[in-house]
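Residue numbering begins at 1 within each chain, and the chains themselves are lettered A, B, C and D in the order written.
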């Protein structure tokens, strides 16, 4: 079941840099890794934008997004009480039941967005969390050090370790690695895991139109043929991917 | 000289019904009857909207507008401090030097917008003011009864006289009549004036693209051939018009 | 409640709103959002004789109020359609239109033969595909090639045959007339308009195939003109589309001569756009005191 | 500061940005807003041999990110242009392009003869006007008619001759090649696309002439495709236009093969759009380390 609705904006807050958090009411409890197609009502752009669930609690859906172009810029200008179009939850999400053993979560930049809600859902499994940023870090609190091991890496060493997050994780230490972030980061992680026979799940990104699996605009090549990121993903098992 | 600029919005106030007042800073003192091409920056419409100067004082330009479609709706949603595109002042405006003798100003609905600033500019000439509305009246204060004779007419008799403003003016009583409002109202006034040999000036409306006289999209037929409402008008002498 | 029901090629459409080919899959994804049985019909994803993987590279690109796509007809093939997807479509209580493409005349003919024995209500022959025998120029560009294709298909086709015109045709009125003469029962138009986008930083065309198809509100004024031209050029009914996003848009197409309409890109903009359009059609007719939508079909 | 200077038909354009015909009058109105001498050139309002009053009824209509117009070539006529308006244009230190329309071949020929002796830098032959001798079909639809027209004009024309193509042409590559063969020195495109709008309440077409011309950002992807096709089809230089509103748009057209570009509808959206575009061109080139705009012309 998915919801196609006008929702009133509860919050649309500037977090830092070009990162914002949008909060809307939503009845449906999403799975971690699922996403929503979001569109302002009076924008001069056509297609809704895919944004992952960042957190969900007590009917409040939180979406963390980076202003990276025209559509997200328009969304960031919307005010509390404005109506916004929210279609979702969409996609497969992570299959929590499969996530057992020693788990690492590896996020990069705005790719950390879906990982907070994932973490909350597998907190009892005490995953280690690796987060990489360019310079400014954001939303670290949620992943809080009292909850699990938190390794923060910035390219300039501003906060935490200096370098790339991929240099600070030894995938062999884990049974399962979960990753979301820039393509190049995910590729490195996936390759390392496949080499070491570590189970790996990645949340993929592709331009979308329908977001529900109808237009075939968002397919990726997998070992089992074309798969739709919006419907068959966005979460894929690394063994299916052709990296 | 005209200005083509991004201006910061000082005020964008709901007056009543679907009437709003927009206030921006502007260095150039406009002539009464001139107008501006107004456009929000992120709207999903292409063409700026022509809006008359409603008032101008101390560098503050006031525009009174009715939300009647998509563009004006978008303008009405803009907030204080947002940037807005303002091109103007444009058009000929009223030639104050020509306005002598006993003057009547006849406005209808949102057509009263340009008449307040006109009135302020010819206050010393003590014009009589006739204003017609459908039901709710607005912005009457500016035309204040202490300044001149003010005759208010509403179709439902809610405020002032009941009926059409055209039924309450005897154009013969005046040397000059100035009108702005719905086409049908202006036509009646112009015809009456031409019949009675009373000088009459009307502010005309046409769809516009450039607003500066270049595209020839806004022409009206006059006795002297096609005239551009944006450049040769919007104020026309009744004797030129083919009503 | 005005009467929105339309007879089209002998089928009853409960309203004139049909989901456009390629934008609605085989209906099942949108049926998770609303009951797609409320639509007048659904046109299937474009089918080819053999299954196709479609194009590599970027498949979607947004333009000002438009969408470019280069899906490349990814589809399961006619045989799979007949054994599987048609059953999905058939469970929704609405008309099932099979959109059929092909690169050779034989592709079309074999495909039609297979569909003849299926449960599809209407075949929509998509003649915008590149014609491999004619050097890649689409069947839908030159009226004489279209005529031959449609005529051959007509001879073996036992389903109502609707031919989908390409806006890239040399002349829309000539193309429309040629398809009518060749035996089409109806026309549908427009397919997407050939267009281009360039990634100026990468210094290359966004799409691997250079050009891609433009759809959405941006093309509506062009589509409306072409639908009007077609409706004037032929006596067979016309199914209009191209940028329809609202009841007002739909009414424009109907007044211009479309008996039914299709909605494509608007499904992406808002998933239940088709329902909004049906509602707005009804409201418009009521507000104007029109009791039957057929009263205004082609009045311009 | 990259080099934006372009040689085009033997004239020096200080930058490739030209104000498009019909959107800029004869330059004087926009010169009240900024120094139009900063532009690469200005194309005049479309001229006809005799003055024209243009069309009755609504002349402008907004569409999603587009503009429809039906001005109907209101203009003072070639003779008035030569005695009056050209002098206005000539005071701005930029190239003056005379855009010339006509309903018969004779109109064109007499017009060109008059312009031969004037100070215009380039003649832009607009072949989108309805050809009265051919029953109202525009000169610019069929390549053979265009060929004959351009050839006849070429024989008497002593100015650089740029032929402005209509996007409604049956085939853009064939049309481009025909005009080149007939002796055109350059091509410009696109003119507006035939389109329609309906006032559903009045139940009639918005425009008295039924159809009108669509321009603006909505048509950009189509225009870009046509400019690319033309540039590939001919060796003569191409002037590209259609929906250009930003430096990025302009670069796309230049990469697709346009040596210079024109800006039309964008002037209405923001009066000094041309200046913004020139600035953005410069910034893009600098940011990419490109020292001369010619390095990227037609690289796709």
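Quick note on the criterion: a residue touches a chain if its C-beta (ideal position, glycine included) is under 8 Å from a C-beta of that chain, and two chains touch if they have at least 3 such contacts.
Nothing here was measured: the structure is a model prediction, and the numbers come from that model.
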- Set of chains whose contacts include both chain D and chain B: none
- Query: Where centres are the averaged C-alpha coordinates, which chain has the largest centre distance to chain C?
  - Reply: B
- Item | Distance between chain centroids, defined by C-alpha means - chain A, chain B (Å) | 53
- Item | Cα-centroid distance, chain A relative to chain D, in whole angstrom | 47
- When the C-alpha atoms of chain C and chain D are each averaged to a single point, how far apart are the two points in Å? 34
- Item | chain A residues counted as touching two or more neighbouring chains | 44-45
- Within chain D, the set of residues that touch 2 or more other chains is 64-66, 217
- Item | chain C-touching residues of chain A, taken from the complex the two chains share | 1-2, 4, 37, 39, 44-48, 85, 87, 207-219, 221, 225-226, 231
- Using the touch definition up top, name the residues of chain C that touch chain A in the complex. 22-25, 29-30, 32-34, 45, 53-54, 56, 58-62, 64-67, 69, 71, 74, 216-217, 265, 267-272
- Which residues of chain C touch chain D in their complex? 63-66, 68, 141, 170-171, 193-198, 200-201, 203-205, 210-211, 214, 217-222, 224-225, 228, 243, 248, 251-252, 255-256, 284, 288, 296, 299-300
